[in-house]
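Here chain A shows up in two complexes: once beside chain B, once beside chain C.
And then the complex of A and B:
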């Protein structure tokens, strides 16, 4: 079998998919990044290799997510793309004709507006993380319920209570207050979903024309309570694609297919990278008053990339596409 | 008297020239850096915007180099900046940095108030000399702007990555070190040669992006995480809605010099959307968005510091400009964060969007 790898290294989770040449997803792996992106990518690749039949050929690799450059250098990616483009590409394939993409991940949330199959507008939360996966995670932990059960419990609510949604701090204190007043757990959770949807639409979706078909993806789309709250708020059907939680990786795989069809060959270093020792380190450059934090990546003791300097003194020593800033 | 002032991009080149021409002892603070920001955040009020914090840091660092007098711009609202000179002075005093403060602001009762302040800085120099000094400073501002504009044009087309930045830095330092109008003329020519020497790939398709927003975050690259440079690296040409010389012409010369873009143009372009002064450059931001859209730019980027009221007003109006003219607009809010990944991700996606849109249009019409 021949196919493409898509790797999405997000703040909270790392997603890896294997897609065959016709665009069918064969394997999808979802791991927690836990602050160690390189080791997580290596772990994911080991797992993927185990699951895939032997004799398989990787024709191209794409990386995305906030850790895309690092992952791209580690595996030898053919394309390194931002997550907005990756999500849009994946969605257009899975839901033809999609006009609005709601994506809520661990640390960020975005809205992507497509018209005629082309991204026409997008927005990403800039200064507020209320309503993202991390906050839901944290609240589930505080209430001692597994985050997977969150949506199910919220759906049982008969009359959701009102929770402040502008700020995670306000939301939490409101939740605690309502809980101490004796409101039911399901009503509080449903109220929180409503609040987060309100915050998303006001903060991220402001000024955008939300038209059907609407696709909801990202880790938070697993939460039935959130799906329901979006349905109520928008008055539109919400579609959750089958690979909703790995869409970024699907997009990266698709983009790598596009790149490789142009370049002809892949830069993939092979599954052997799982045994290679990668080491990152940083130092403060004292060349000028900017005092840049320069980060370097070593592969088996050889430095293969540096980034973080404003002037290019350190990063320019390496090939252009391996540069980060 | 050893005079210092806050940094705002290349403003120091023009101010230093002006003051040194009059024989004033000038202390230029070290360029804004992580250290500047750390000092500013430590002593500044949390809810103030980032420019205040960087100003404070600049002053503290300049104090360490022997500065004892601050020249600072003032104003009278609605933007909070008008009050910053006094606030910063009070904070510095509290933490033991004794400065003398000279605020250049619109006079309260009579124009003589402004003249007295200038007198205070210049001592017994004649008004003729003062005018010559201002002229010299202005010429430097113009020279610096021309270099910047050249850099915006060549960066997306450079064959060797980083070549523009090297040329830009050396051209700038030539202008900075010119100490008389004659020397400046020579420096300008040499700077032009340096900028023209960057090898270009003329065939590369390049997008055009208008950069607009709040003046400080526009002009000070440290505060906008080098947004202009990153747009250039991503293959787009930038034009900025405010240049130093235009600002000087608008605010110091009251628009006397013709042929430069002025705030009047921007404000009249803004009038279908915003007919009111809302503080800072809010009105100009809306107006320049309209002007850029009319001039056929592919996209717009608005930058401003977190909590900036005038720009928040503009931000809420921009979607209307965007729909009416069909021009995508990206808003970037700057604060203490120094991690660039977020900004680069958004810029990259934005440029992807613009490219695909342009391609789509080309296919549709061909």
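And then the complex of A and C:
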């Protein structure tokens, strides 16, 4: 079997998919990044190799997510793309004719507006990460319920309480307040979903024309309470695609297919990278008063990339690797 | 002994430095500019500025402190109005007084520049400043006239499509006084306060990034005052702020230009006027069907956020251009 790898290294989770040449997803792996992106990618690739039949050929690799450059250098990616484009590409394939994409991940939330199959507008949360996956995670932990059960419990609510969603700190104090007043858990959770949806629509979705079909993806789309809250707020049907939590990776795989069809060959280093020792380190350059934090990546003791400097003094020596985007 | 006058490389420096520099030079003073913005300058500014002001003002604090100990005077005019019946942001007005409380500063030249009622006040302000250096009235008015002439030349260079640093270099050596055709595949208009879009530290090198991604960059400064004014007059009510007027006028002009494929608006977090002009531009962009991106700058040094948004925006523009043609 021949196919393409898509790797999405996000703030909270790392997603890896294997897609065959016709665009069918065969395997999808979802792992927590836990602050160690390289080790997580290696772990994911090991796992993927185990699951896939032997004799398969990787024709191309694409990376996306906030850790895309790092992951791209580690595995030898053919394309390194931002997550907005990756999500848009994946959605348009999975849900033909999609006009609105709602994506809520660990630290980011975005809205992408497509018209006639082309991105016409997008927005990401600005300085505030209230209402993203991390916050739901944290609240679930505080209430001592597994985050997977969150949505299920929220759906049982009869009358959701009103919770301030403007800021995660206020939302939390509001939730505690309601809980001490004796409101039921399911009503509080449903109220929280409503508040987060309200915050999303007022912040990220401000002024955007949200038209059906609406696709909801990203890790938070696993939460039935959130889906329901979006349905109520928008008055539209919400579609959650089958691979909603790995859509970024799907998009990266699709983009790598496109790149490889142009370049002809892949830069993929092979599954052997799982055994290679990668080491990152950073230092503060004292060449000028910018004091840039320069990060370097070493593969088996050889430095293969540096980035983070403004002037290019350190990164230019490795410019070839960086130009893959 | 020649007196040294320090000019902070911040705020309206990007508009008026040729005029200020020439004026002091003609009066026999030596002009010292603060160093280009760096992490150190911003850090120093953050430490000493009051909490509530916006990022550019904090940066200005850093630049003022950078000059301390190097000069006899710091030129920090109280800019109230630079155009009849219009104002400059109120934070500019309070800047000399906010700065005054810092320790170890040389005397400030904090002359009021208020052209709200009449343009003539500019000359009166210059006369007051000139008295510090000479008792000769003719010398002062000569210096003033010459400085205006230099300023005009500078604006002309900008309108040929040069960026401020290129235009300043052009003033020095007299070459490059011809329009510069861009090398990019398409053109993006970059709108924002000059001290945000031309300070490559504060905006994480946005102009270089846009160019590296294959785009030509045009700004409000590339347009003549007439064009900007006549376009800004499309608003049902005139804006109070001169800089806001420029941005709106430029935006309205670029909406109509077929060779401009997208608009990027750069705003500083906590900027009052920007929150309004940004929203006005965003709405008009949507109505005009122009790809639009709003970037908010703040103190973070992580570049991922900016890079991801710019990359996605460029993909969107490219995608759309490909679809149209």
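Just so it is clear, the second predicted complex is superposed on the first by the 320 of 325 C-alpha atoms of A that agree within 3 Å, B and C clash if a C-alpha of one lies under 4 Å from a C-alpha of the other, contacts with A are read in each partner's own complex, and residues count from 1 in each chain.
The definition used in the following text is that contacts are C-beta pairs under 8 Å (C-beta built on N, C-alpha and C of every residue); 3 or more make two chains touch, one makes a residue touch a chain.
In this text, all values refer to a predicted model and were calculated from it rather than measured experimentally.
With chain A as the common reference, chain B cannot sit beside chain C without a clash.
Of the two partner chains placed by the overlay, neither chain B nor chain C lies in contact with A:63. Once the two complexes are overlaid on the shared chain, A:124 sits against chain B and chain C alike.
In the superposed model, A:316 lies in contact with chain B only, and not with chain C.
Judged by the touch definition given at the top, the superposed model places A:13 against neither chain B nor chain C.
Once chain A of one complex is fitted onto chain A of the other, the partner contacts of A:199 are absent, as it touches neither chain B nor chain C.
Applying the stated contact rule after C-alpha superposition, one finds that A:92 touches neither chain B nor chain C. In the superposition on chain A, chain A positions 66, 81-85, 116, 118-122, 124, 126-127, 207, 288-291, 310, 325 are in contact with chain B in one complex as well as with chain C in the other.
Against chain C, in their complex, chain A makes its touches with residues 66, 81-85, 116, 118-124, 126-127, 207, 209, 288-293, 310, 325.
Per the touch definition, chain B reaches chain A in the complex via residues 30-31, 33-35, 161-162, 165, 222, 226, 230, 306, 316, 319, 322, 328, 331-333, 335, 340-342, 344-346, 348-350, 352-353, 356-357, 360. Those residues of chain A that touch chain B in the complex are listed here as 66, 81-85, 116, 118-122, 124, 126-127, 206-207, 288-291, 310-312, 316, 320, 323, 325.
Residues of chain C touching chain A in their complex: 35, 38-41, 201, 205, 269, 282-283, 286, 289, 291-292, 294, 296, 298, 301, 304-305, 307-309, 311-313, 315-316, 319-320, 323.
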